[in-house]
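When the chains are written out, they are named A, B and C in that same order, and each has its own residue count from 1.
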């Protein structure tokens, strides 16, 4: 059996029905544990005070915002190359979640920036790049919504996703060039010297896992909905033709 | 030169329309498609012209041999008859628009903007365009709409000349043009997707049970 | 290709709208800015490069939705797809025609409008150069957006939503060239980036746009 078997809608529906409760459970557990630990059982930062605790929402949502787009890029490519419907429907299902994650990252960033930088919004490269990413999500979703024929919509949104990804990367470099910014360096990196202190790090990783499983659960639910909608559409069409 | 179609299936807007269509048209022959509205004549012709992919089956025809005339004439209202034809002649790498003008008696209208043409005159110009393509396989979708009897005869003569010159033609029309042609009724090839348990086979969203 | 270019240019001239409208729009945008930010020449001079670039970009956007829409409506796009012209070439040619009727006049008009905003001396030349280098990318990116939305009834608004985020890098590098030239800083890097971006766009986007058109014709 190959992994492509899951690209069959029926198989996907069966497998996802089994997985969904587990993924949801993991999401609730990890998110609950990570956020409670992070908010209530970590010390205040010596410079940033308790404001630092927004990191447990800000960093995971920002990480998911980028990775969800990357996932959409991969699933769109799979659709273009192998024409698996589930793949492109997963991209469609992921987009609103990704847009919400981006919005959360932007809002928490503003809330964090106000006491730290003294301003709600700063045209800092990272913040600006996320704003642009948000616009890309909006465009992607708007294109899906505008096209009636689902296969045409799938093809065109996939092309937009591919081209948009290239431009998103170029924009990131252009924005860096345009303004050096105030934002601190990466919060999580393999280079230990750069990392946030261990006390903050452990709950952060758990929240990150929580956000990941939350996304996975939402993705499964939304993809199942999309598949059902497509089946309904196909059944109605068959009835009309009969 | 020959066009052969094997077991072709077509879809329109993601829905199955036709299945199992097979026929062969040899050089010098014409094929007329018949069938009620919505049976899939336009879809089949667009598939043959390469504007949409076939859902199944195959079309065998030499590369770059098809010219297509659809419902719309593709005319630019602001340009003259001459400019409209000359553009398509240039696009197909043929320079001479005189035979096309002669075929539909368009010389008098040469410098008139397409906007000022009547519906029938526009249609004549759209059909005359096929002559400047220099391509052997002509595909027409309802070519005689808005043509009067005299011009329908001119159209039949143009097609007859094309066939005599070794070309071939496919068209969807309800009018008898007086050209010797195979007639293919598409009604039996209709794919309603309700043919028993295998209905909708190939559609990932109709297969199996959820 | 040559025939297509001549045809599109002839249509743009005969339709009358093409050249004039986007230029007039550009003029209006530039005229409105001082009403919004106040008439102090110092402040206007400071924001002039950005205003001129953003104005040119919006004016460029204005005529994009008609790029393929008219050919789609009258059936020409079907006929072009069946013709020997490769769709990539058709897209690139149409983008070129769009640039000649929109980007080029905007580029030439920009220094004149620069006067209205009190653009500092060294800015004029580099405004002209940066727009000349950048506007072809704007037309090509716009053609891609137009190809995605060609079959849609109200594609115009969606087109803006799709295209504007893609304009970000071009705008950043283009305006940066002018800003740095005015401040007497080295601007070779943004200029090279702008040129590279335009070349890459012209080389790659026709394929994406042609694919989108073929999908829309199905």
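Keep in mind that, in the parts below, contacts are C-beta pairs under 8 Å (C-beta built on N, C-alpha and C of every residue); 3 or more make two chains touch, one makes a residue touch a chain.
Because the structure is predicted, anything quoted here is derived from the model rather than measured.
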{"item": "Most central chain, Cα average position", "value": "C"}
{"item": "Which of A-B and A-C has more C-beta contact pairs", "value": "A-C"}
{"item": "Centre-to-centre distance between subunit C and subunit B (centres being mean Cα positions), rounded to whole Å", "value": "37"}
{"item": "CA centroid of subunit A to CA centroid of subunit C, Å", "value": "32"}
{"item": "Length of the line joining the C-alpha centres of subunit A and subunit B, rounded to whole Å", "value": "47"}
{"item": "Multi-partner residues of subunit C (at least 2 other chains)", "value": "218"}
{"item": "Subunit C - residues contacting subunit A, complex", "value": "144, 148-149, 151-152, 155, 158, 161-162, 164-166, 168-169, 172-173, 176, 189-190, 193, 197, 205, 208, 211-212, 215-216, 218"}
{"item": "In the complex, subunit B residues that touch subunit C", "value": "46, 49-53, 64, 66-79, 83, 86-88, 90-93, 129, 133"}
{"item": "Complex contact set, residues of subunit C against subunit B", "value": "2-4, 7, 10-11, 14-15, 71, 73-76, 78-85, 217-218"}
{"item": "Parts of subunit A lying in touch with subunit B, wherever the complex brings them together", "value": "8-10, 13, 85, 148-151, 227-228, 230-231, 233-235, 237-238, 241-242"}
{"item": "Residues of subunit A touching subunit C in the complex", "value": "132, 135-136, 138-139, 142-143, 146-147, 152, 155-156, 159-160, 162-164, 167, 170-171, 173-175, 177-178"}
